[in-house]
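Down below are the structures I want you to see.
Below are two complexes that have chain A in common, paired first with chain B and then with chain C.
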Partner chain A sequence: MTVSLIAAQLFSGLTTAMFLFLIASGLSLVFGIMRVLNFAHGSFYMVGAYIAWQVVTWLHPTGGAFWIAALASGVGVAILGGVVERLLLRHLYGQEELYQLLFTYALVLILGDTAKFIWGTDQLSVQGPPVLSGGLHLLGTILPYYNLFIIVVGPAIAIGVGLMLSRSSAGRLLRAAAYDREMLGALGANVGLLYTGMFVASSFLAGLAGALITPIVSVVPGMDVEVIVQAFIVVVIGGLGSFWGTFWGAMIYGLTLSFGILVFPEFSLFSVYALMAVVLIVRPWGLFGRPIR
Partner chain B sequence: MSMPITNSLARPAVPAIRRVPWTLLIFLLLAPLAWIGSRYSIFLVTEITIDALFAISLNLLLGTTGLVSFGHVAYFGVGAYVCGILMKTYGVSFAIAFPAAGLGAALAALVFGYFCVRLTKIYFAMLTLAFSQIIWAICFKWNAVTGGDQGIADVPFPDMQWMDSIPGISGLSANARFYLLALTLVAVAIAVIGMITRSPFGRMLTAIRDNRERAAFIGLNVRAYELAVFVVAGGFAGLSGALYGIFTRGVFPDYVFWPKSAEVMIMAILGGMGFFWGPAVGALVLVWLNQEITNYTEYWPFVLGTMLLVLLFALPGGVLGGLAGLYGTLRRRMGRRDA
Partner chain C sequence: MPFLSVEDIRTSYGLSQVLFGLSLEVNQGECVCLLGRNGVGKSTTMRSIMGLTPPGSGRVLWRDQNVAGWPPYRIARAGIGFVPEDRRIFAELSVWENLDVAARAAGRPGRWSIATVCEMFPVLGERRNQPGGFLSGGEQQMLTIGRALVGNPDLLLLDEPSEGLAPLIVDQLREKIAELKAEGLTILLAEQGVAFSLALADRVYVLEKGAVRHTGPASALRDDPALLDQLMAL
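On to the complex of A and B.
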């Protein structure tokens, strides 16, 4: 193994990791605070990707179109998430988890087909922002500027959300809701509003991630069910509901996948699932999580 | 908690509706289709029959024991692959490959279940999902054995020449014969599941579902019972998978992909997981609607999702739950209230 090969795998692993972190963080926050395992999170990500393509196509791919599209994806999906939570999901909070799981699965089916109906089944690709074209020669390999941007944006968002959770008053309330929803309600906090806010924020992250990935992979039907399983693995490894756990879980996943390909090319996919199973067996609450109830 | 201690192990008074030998009745009702049914209807009912076994096996976990398995498709897939590989690659006869599929799936369920029953609730669901995805990854990537993403095409039909010796069958097509074979095997399997559900073992499972802590308190080894039912359910799922692989004349990684776990769960809920035959009714409705609706539109998942929403919000007891509710209301209306 040469230095350049290791560097190339490292960069691709880090890029994968940061994308997965962007997607999985919303999934983890919603589970940690609302105890809802949201299968539709991957669909939100897919809708974000399609919105980005649509906006870029409308604006014509010049200049700042990509950034406007990314913002539009985040906001559009956030609105979608808010509507879903307000109208439907909130009626299922007291129910068994089976019903919640199937509810979010129903969303997967509906959103998947709606996207097919609107955008068809062709692969759609989006031109990345011209500012970030080209790449950096580093350690004998080329790291595209866009990937470098993602590797920087991931931790930046992580630190931002982490600070919000640990320092702001909304973050305090959210952490309190994760511990004891009823007590928080009894103390006079508006738990319903908090939940809506949480779901909207998580949808925003999913939509943003969907938009940001478009310059790297093409937008196709089926990207929703594919990504949600990966996001689950990340969240389970790090610890369901643990925000920083999700960050490290994404790092472990990304690097295991990219270096696993070097060691067992056939079974790198297998290795991440095996990792998930081992973590669930040894520490069901994840490497960085805390046991709940 | 000062609830009266109900003796759930005592045999409750059996209502008339339960004394009907439903499995036999349904078998006798469906068997003539092999002679009078069109090619299309035989095809449809074969699929419904196989899916019904799959869904009823899941309901051993879901409805009977209260275990939310989100990876039941793993055992369906193991059964399909074991049977398909034995019959296609090694030319083993169906009489050996079919039970081997059940045993293989039960063995996989034993290994995975050993770890799964250590967890509860959402973690149980996640671990079952994780294991099913491991099986999927193996099937998807292990080209030499499973055919990778191409799967195993052209799984042969079982040898059904011997059926000629049964009067009336010699004129039947291969599809009709396979229908009769599958129907018989599924009927036997469902009858066995029914016996398990009604046995003392089955009542223990229900006790675990109703109150896990209390079941443990009265000295039940809850994990051992959960593991046992996990293995049994996995084995029957494997049998249905084996039949399905032959029915579709091929085994593909999609059979093990997680959305199929969700699909079988929808069957169970749709029919009503509180009823033994609920999942079979769910399979009937789902497969039939799928065929009908895909004639008009390719957007079947959209219809299914919408149906699921209606179910969750308006009819959480499923079709049979709704019918039972309706029946109760009618009885009260007619003033024949019995204690």
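On to the complex of A and C.
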């Protein structure tokens, strides 16, 4: 095993990890604060990817306009999330969790079919931003600038959201809502609006992640389910509802996958599931989670 | 016109009805106490006024406006502060964060701020950076009251403030509530501790099976132990 090989796996593992973090963080925040397990989070990510492709195709068929497309994906999916929360999901708060699961699962099916209806079943690809073409020669391997960008953006978003939760007044309100929604309402906070805001923000992150992955992975039906399974594994490893747990869960997932390929090439995905199984046996509430009171 | 006027409310939890046509009034500047044993509907009355368990019928007139059916946050912003029975502080938030969240949630300016609450309850200032869950029972109760005060309410609903506290702490708490009353704050208090409530109340309502069984000035019960025994033996 050479240094360059290890470096290459490290960079690819970190890139995977940061993509997964971008996706799983919204899933984890919505569960941690609203106690809603949103199966459709992966579908929001897929819709974000399709919107990015669509915007790039409209504006600049030969490539370019990537940043505008990424922003449009985030905003478009945020609006979609807002509509879903206000009109539908809101009515299921306080109901059995099974109803929420069924509802979000129905959304997975509806959004999946809608995407196929609009965009077909072909693989679509999007060119990355020209600014970030090329790569960095590092430790005998090449780290594409775009991957480097993702490796930097992931922790930046993590620190930003982490600070928002721990230091800002909005973060304090969200943590109080996670702890006792009814009491916060009795103190005068419009918790319904707070929930909508939370869901919109989480949808924005999903849409943005969907757009950002398009230069690396082609846009296809089925990417929604694939990613939601991975995001759930990340969140389970890190601890459901724990924000930093999600970050480290994604890191562990990404690096286990990339180095697992080196050790057991035939069983690369197996290593991740094995890891999850071990975590669930040793700490069923995840590495950073807490046992349910 | 009374400040708060609850008119013939009936409230149920699912299929089990708890309040059967309960009515009461609170005038500005008064301290009114709900007395009665466990399960007669004192907490449900509080929850009905606050909108947490909205009454199925009847009216809750707050400053001449029927607030029955309003969401709790609007009732809070209209000037009713709530100190719930089980305190329900945000245990993972620090003392200061608990107060800050409450001040922002209500968004009502006035005499009370985090600073003035900490003047009244110095222990909250001393422990401002500790998680609320680390406080003792008495300190938690002070935090709950402080949390309601920073919303600058015109009426304070106090549900069983002395429950589960040591006698010495109960005495301190009574003095603090008396101070608030002396400042002119209107208070509706629900208590099982008769001595505690009679020391503070101007008027009392004795509840039985979800309705008012007796009402009158607190002094009448203070001066007539026989009447008190008869009512509380219900």
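Quick note on the criterion: the second predicted complex is superposed on the first by the 289 of 293 C-alpha atoms of A that agree within 3 Å, B and C clash if a C-alpha of one lies under 4 Å from a C-alpha of the other, contacts with A are read in each partner's own complex, and residues count from 1 in each chain.
Keep in mind that, in the parts below, a residue touches a chain if its C-beta (ideal position, glycine included) is under 8 Å from a C-beta of that chain, and two chains touch if they have at least 3 such contacts.
Everything numeric in this text was worked out from a predicted model, so none of it was measured.
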> With the two structures laid over each other on chain A, which partner does A:163 touch: chain B (first), chain C (second), both, or neither?
Replying inline: neither
> In this superposed model, does chain C or chain B come into contact with more residues of chain A?
Replying inline: B
>> Applying the document's definition of touch, where does A:269 land relative to chain B and chain C: first, second, both, or neither?
In response: first
>> Contacts for A:179 in the overlay, against chain B (first) and chain C (second): which applies, first, second, both or neither?
In response: second
>> Just checking: does A:98 make contact with chain B only, chain C only, both, or neither of them? Give me first, second, both or neither.
In response: first
>> For A:5, using the defined touch cut-off, is the partner it touches chain B, chain C, both, or neither? Pick first, second, both or neither.
In response: neither
> Can A:138 be said to touch chain B (first), chain C (second), both, or neither?
Replying inline: neither
> Is there a shared patch on chain A that both chain B and chain C touch, and which residues make it up?
Replying inline: none
> If you look only at chain B, which of its residues touch chain A in the complex?
Replying inline: 62, 68, 70, 115, 118-119, 121-123, 125-127, 129-131, 133-134, 137-138, 140-143, 257-259, 262, 265-266, 269, 299, 301-302, 304-306, 308-309, 312-313, 316
> Across the complex, what residues on chain C touch chain A?
Replying inline: 50-52, 71-73, 76-77, 82, 84, 88, 90-93, 97-98, 100-102, 104-108, 147-148, 151
> Contact residues on chain A for chain B in the complex?
Replying inline: 35, 37, 39, 88, 91-92, 96-99, 101-103, 105-110, 112-114, 116-117, 225, 229, 232-233, 236, 240, 266-267, 269-270, 273-274, 276-277, 280-281, 284
> In the complex of these two chains, what residues of chain A are touching chain C?
Replying inline: 169, 172-173, 175-176, 179-180, 182-192
